[in-house]
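The structure appears right after this line, and notes come after that.
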Amino acid sequence: MSVTGNPLQPTLFELSRPGRGAGTRLPAPPADALERLPAAARRAVPPALPELNEATLVRHYVNLSHLNWSVDTGFYPLGSCTMKYNPKVNEWAARLPGFAALHPLAPDETAQGTLELLWRLEQDLAEISGMAAVTLQPAAGAQGELTGILMVRAYHRSRGDAARTDVLVPDSAHGTNPATASMAGFRTVNIPSAPDGGVDLDGFRAALGSTTAAVMITNPSTLGLFETRVVELLEMVHAAGALAYMDGANLNAMLGHFKPGAAGFDVMHFNVHKTFSTPHGGGGPGAGPVGVRSHLAPFLPEPLVLREPDGTFRLERAGERPASIGRMRSFVGNVGILVRAYAYIRAHGGDGLREVSEDAVLAANYLKHRLAGAYEIPYERPCMHEFVASSAGLKAATGVRTLDVAKRLIDKGFHPPTIYFPLTVEEAMLIEPTETESLETLDAFADAMLEIAREAHEDPELVQGAPHTAPVRRLDEATAARQPNLRWRAESPE
Amino acid sequence: MIPADLRYTKDHEWVRVDGDVATIGITRHAADQLGDIVFVELPAAGRTLEQFATFGVVESVKAVSDLFAPLGGEVVEANGALAAAPEVVNSDPYGAGWMLRIRLADAAQVDALLDAAAYEALVAEA
Amino acid sequence: MAYGPHTAGERGRMLEALGIASVDALFEAIPPAVRATGLDLAPALTELELMEHLGGLAGRNRTDLASFLGAGVYRHHLPPVVDQLLLRGELYTAYTPYQPEISQGTLQTIYEYQSLLAELTGMDVVSASHYDGAAATAEAALMTCRATRREHVLVSRSVHPHYRETFETYFAGANLTFAEIPLLAGGPGAGTTDLAALERMLADPKQAVAGVVAAQPSVLGLLEPMEEIGRLAHAAGALFVAVVEPVGLAVLAPPAAYGADIAAGEGQPLGMPPQYGGPYLGIVACREALIRQIPGRLIGMTADLEGKRAYVMTLRAREQDIRRERAASNICTNQALCALAASIYVAALGPGGLHDVAATGAARAAELEAALATAGAPRLYPGPYLNEFAVRVPDAVATHRRLLARGILAGIPLAELEPRDPSLAEGLLVCATEVTTTAEIERFAAALAAELARAPEAVR
């Protein structure tokens, strides 16, 4: 597809001029530096990379940053994402040269500071989750899920049980859950939820059996509701010889109030970029540590961080724990991110984390209460840290859908909530305020939502044409998918 | 309107039978549900399809859906025009948006399919 | 609480609106039997105490060593402009760009990243990034199986052992198999992929091969016969995956030039410090024909309804939230901020600067080679290298530790990098980059010469 229309900002390539910014960043190499390399291995044509001076470069990125919404800009009530404030001291910590300059293969004795931090973080996450052991290796929540399910697989095989081929998930599950099950070689069985939004015990009972490897449960559920039947469910799962995985995306709801391992979950992952404030970075990086109860500990990926009797720390050696499922990735983990998570936990302590969840849950219930008149709240009981609202009624009465409400919120100065998820609620909006938003922000958001509902009745086209004030209007996503343009090409447009 | 001369499946495919060759596509209802279609994955000529097995995938901007063979048989031709213009499925699902032509293995299989009235009733219930 | 805004009064107002006396009422859904009453963690630290504590921990890591350690992660000069731009809150505290109208900043930076890597690799399509080089390579291998509908992959031992170990984990889950292609033991190509062995493995009628994976440069630093490997792979109907290092691509032939179908690798050298393991940047790139198989996010250019150029996440139907159990990969994130770091770094250096980084590293490495050879540690393998190579040192692990005591991080003993291969007991893998100084090289050589002179007396 050709380049179309006026750009908000030119690309780096369009800002480039031959010879612009020609370097004084490094001394010139000797002219013959590459002569010893065989010609066949050398690059024949230099890469057509952009040439910019630093001032042009800086303006480019500063101006692009102005086109973004961010937590540092304003409210971001994305359900299941936990868009809480990202503390600046964490950025300082991760950048300390002692942490940043350390090579991952450096000998243990030269890395004692980082190893101690990682070990303490393993202990802290174990305490928070009520689990016996934790791996910090997975690079993201989804990779944590895969880690957990691969451990489930290893566990069953270690007991000679190769018949367990299924993973059960409620139909409200996040898409990563079934995708993870497939990657680990399992078949996904979807169990419809009960009318109150929680797991349907009868449905699970009927599906559980000798072919079930595990169930994957999000708690609180993706509807923001605590699984009140969790104890019975876990008993049922274990009685069938299967294991229970908890998707920890919603942990912000229950820090200090519920410990999944203590309650009976066998394995769970954490999203440190959700619960533990590490920044989202525009889509990553995050980290997805995994906690397990003791019967799964032998299978954790390698290497773990260990403390010796003399108080020093080291990485596990290759092969030291033969039952390990192996590596999920290179080196020990996204340590730069884990430093931030550790700092966050240290800044709060146990009482502080418990208060985080209480404030998160209070704020969500308050918002739910404020929106209840204008939007359907499918589940009336108290929610946890997030809740679902629906525009189904609005759509029936005015034709204005959740998508339109979301885009109109942009005009009101807010980032939209998560929309059309979970799949089990029509015209869903999943709203999660988090504990770091002020009461006046919560009220302003509620006021805006109520105003949009009024606009939908009085002037539906205004809402349906939104956003009107964003840097760009609605996009032609169909053409973007039919004729993908995924890289800049120097050819001029037709 | 739902064309009266076609047969249908509960998975929203339509069939036009001409002797021992059947033309297959998806209904307007399916296309509307999917939204702007961006890609259709179809089998090559010569492949044998089983009735009700998946034979391809249709992708829209926000969704993906398996395609189920309404009838069994050998693929004679896949609609090559859909590679460059998948949107034709949205604009003309029963005509230029056809997807597959197959040579029927067993003409009697057509009897198991819904007629226009039955399909219309199915869609109305949804 | 550390970062929350609520006063007691504000909490009271919210409780009042809800008609409840305390927040405990909101936790009643938790069955009493499994209700926790708190967390046993160290008490909260104030900001001052926290900074002292973290500073203390960071201070216990050694940053004073003269380092020659590479093996997949490389130290480079990081222009300060990179980190200062990364600290813009609008960039690093933004979420995934699901609402494109208010995410054009992030979306354009990722499109530019895709474009820059496409230039460097010569490939048509670059994903918005994967977790790291290991996951990227494992997923690239899985791509070859999906695309060819075969179940067996061949991986050269020239690929980083962590990546091969990651294969094992990913492949076990996918019920696919892979086998390692051996390296030549001797001759001018010693240490590089054994082409004759590869040919034999490809000819096995019982194992149709989906993909062949090899690295350029190899984990041992050597330049590999990539064109020949690609030719053999294609002749057997397999796809060719090249594992690449991005700074080297400024001066080495890119994967597109030697017939790779997919390129994967570690993007850390582009603007990210080592950080003891991450976050890094998994590079995945492929030819146009494989576009529907590539995992992870893709950002595309389009227009809005007023005709303005804009960017959007596209080809989303491949991803987990839509395909669910049929998704090629469960990946839900990309390393967006790391991709941004890489883009700023490449743009800040420009093509000339990136060339100079690679060329200066090569020059320093040649200096290092000469100095170490004079000190008594010749190269283990004779073939050409860019900026990393292995040297022969008796009792390499012990020598490495004694050099450490002298303030030299002498690369890594091959026996530690590849514990499963006893033949590597006498190798040290060392590298140099543009930040390696002549003074450091001289110190290393002098210390090594001293250690080797002692060696006959040193009993371990």
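Lettered A, B and C in written order, each chain numbered from 1.
In the analysis below, a contact is a pair of C-beta atoms (placed from the backbone, for glycine too) under 8 Å apart; a residue touches a chain by one contact, two chains touch by 3 or more.
Computed from a prediction, not measured in an experiment: that's the story for all the values here.
Overall, the chain located most centrally, as judged by its C-alpha mean against the mean of all protein C-alpha atoms, is A. The chain pair with more C-beta contacts between its two chains, of A-B and A-C, is A-C.
As a whole-number value, the distance joining the C-alpha centres of chain B and chain C reads 44 Å. Spacing of chain A relative to chain B, judged by their CA centroids, is 38 angstrom. With centres defined as mean CA coordinates, chain C is found 20 Å away from chain A. In chain B, the residues that touch at least two other chains are 38-39, 59, 61. Among the residues of chain C, those in touch with two or more other chains are 315-317, 322-323, 326.
The residues of chain A that reach two or more other chains are 477, 481, listed in rising order.
For chain B in complex with chain C, the residues that touch the partner chain are 38-39, 41, 59-64.
Against chain B, in their complex, chain C makes its touches with residues 292, 315-317, 322-323, 326.
On the side of chain A, the complex with chain B involves touching residues 477-478, 481-482.
Of all residues in chain B, those touching chain A in their complex are 36, 38-39, 59, 61, 86-87.
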